[in-house]
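In what follows, subunit A forms one complex with subunit B and a second complex with subunit C.
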Partner chain A sequence: MERRYLFIIDRAPYGDWSGRETLDMALSAAAFDQPVSLAFSGQGVHWLRAEQAPQGIEQKTGSRNLAAASLFGIEALYVPKAAFDRLGTAFDSGLEITPVASMTELAHQFSDVVRL
Partner chain B sequence: MPAPEAARFALVITGAPYTSQAPQTALQFARAAVAQGHTIDRVFLYGDGVHLASTLTCPPSDEADWPAQWQSFLKTHAVPATCCIASALRRGLLDEGEARRYEKPAANVAAPFVVAGLGDWLEATSQADRTLYFNGSH
Partner chain C sequence: MSFVMPARNNEGFLEDPSLWTPPVAERIAAESDIALTDSHWEIINMLRDFYAEHEMAPPAARFFVKAVKQHFGEEKGNSIYLMQLFPGTSAVKVASRIAGLPRPTNCL
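Let's look at the complex of A and B:
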């Protein structure tokens, strides 16, 4: 059975490590040529913001990892349409972001949905 | 998509014992699955879940010892189990090899857990009929 993976990040970028570890999982799967997409919801949409500067809290920016997503073969970055309409202009213009009307319908297109 | 009659499961635990319910819930699922003839292909500890592999956990005597119960289950049913190396190193879970490599004074990863990378997760999840994720917050 062909697997298609959707990783959902629903927590803010620097509050805990779950988003970073979700991204590690997604990049690993993509590096092994699995079909992988990422979705950002809730506070997780802030991962997509431009000009993140977490040096003040001694953390590395997540943007750099996200910018590498397409190089690793990650197929799409999804975000709920409502969040895209509200925050789209603040998002990193270097990322190709796809708004979706329904996260539930999106999830149904994948065999494996991972939310840590 | 219904699971086959005798399904193969991979379990990913990302919640720590005594911080979350994840290890207990996963163990109860694993026991029930095996009792009904299903197979647990692999258990993968990730994120805070790696604390389940610690040899140094000492719960009070009137509380369940979840790490010991998991070790017993894994040995009894010969289930391979991996502790993710990146998660483990960050959180102070080291096997003998990593303790030597980083010149630390002790190793604390319990058998039968082995320390390895996300390749173990990907192999298990690729081959299993279903992969279940047990975390502490959803």
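Let's look at the complex of A and C:
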């Protein structure tokens, strides 16, 4: 079976390094031409927000890095439909975001699911 | 031309990318025996625009090639062309260093 990777970010950006490390892993897998998607759940959905301003804490803007990830072959950015409906207009309009009804069913579509 | 060379890390990347200027680029390039031509500058400017938009350098060699291909097409977006322009262990590292970007975080 072809391996397909889903990396899940479920914590808020900037609070710890888990999301950044997850994104680095996803990009590494994409660099080796593996099919990779990212999913955002819980507080992780805030990675996708527009108008993040982390310069004051010397961090890179999550949503801008995710736009680059899409250019580099990350296939999809998934969020739960409830969060998509609640935050839709607050998300960065430069990102193509795919709402999903069930994160559990989404995970079943992948051979490997990584959550730090 | 006289100018102050900004502080750099142990791999030659600028500590503060905002201090980059074209003469700084020429000086860093000269350390690798590269004389910058228009062909180099279009790649350097593309990398700087990419960094301004995405706040990251392309984090791997193949992503660098991909970004160049998206901007300039197959003729320039290939690893042989880029390695000829920026010879060294990694074209994206050499080009990012000259362009004043931080070291690619994930440089495979």
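Methods note: the second predicted complex is superposed on the first by the 115 of 116 C-alpha atoms of A that agree within 3 Å, B and C clash if a C-alpha of one lies under 4 Å from a C-alpha of the other, contacts with A are read in each partner's own complex, and residues count from 1 in each chain.
The rule we apply is simple: a residue touches a chain if its C-beta (ideal position, glycine included) is under 8 Å from a C-beta of that chain, and two chains touch if they have at least 3 such contacts.
Everything numeric here is computed off the predicted structure, so don't read it as measured data.
Student: Would you sort A:24 into first (subunit B), second (subunit C), both or neither based on which partner it touches?
Tutor: both
Student: Identify the partner contact of A:38: answer first if only subunit B is touched, second if only subunit C is, both if each is, neither if none is.
Tutor: So A:38 meets neither subunit B nor subunit C here.
Student: Just to be sure I read the superposition right, which of the two partners does A:48 touch: subunit B = first, subunit C = second, or both, or neither?
Tutor: A:48: touches no partner chain.
Student: Could you look at A:115 and tell me whether it touches subunit B, subunit C, both or neither (first, second, both, neither)?
Tutor: After superposition on chain A, A:115 lies in contact with subunit B alone.
Student: Touching A:64, do we find subunit B (first), subunit C (second), both, or neither?
Tutor: Once the two structures are laid over each other on A, A:64 reaches subunit C alone.
Student: Just to be sure I read the superposition right, which of the two partners does A:77 touch: subunit B = first, subunit C = second, or both, or neither?
Tutor: neither
Student: With the two structures laid over each other on chain A, which partner does A:3 touch: subunit B (first), subunit C (second), both, or neither?
Tutor: first
Student: Once the two structures are superposed, pull the subunit A residues common to the subunit B and subunit C interfaces.
Tutor: 24, 28
Student: Can you check the complex and tell me which residues of subunit B touch subunit A?
Tutor: Residues 1, 14, 46-47, 86-87, 90, 117-119, 121-122, 125-126, 131, 133, 135, 137-138 of subunit B touch subunit A in their complex.
Student: What residues on subunit A touch subunit C, complex-wise?
Tutor: 24, 27-28, 31, 60-61, 64-65, 67-68, 71-73
Student: Residue numbers of subunit C touching subunit A in their complex, please.
Tutor: 50, 53-56, 58-60, 62-63, 66-67, 70, 105-106, 108
Student: Can you list the subunit A residues touching subunit B in their complex?
Tutor: 3, 17-18, 21, 24-25, 28-29, 32, 34, 111-112, 114-116
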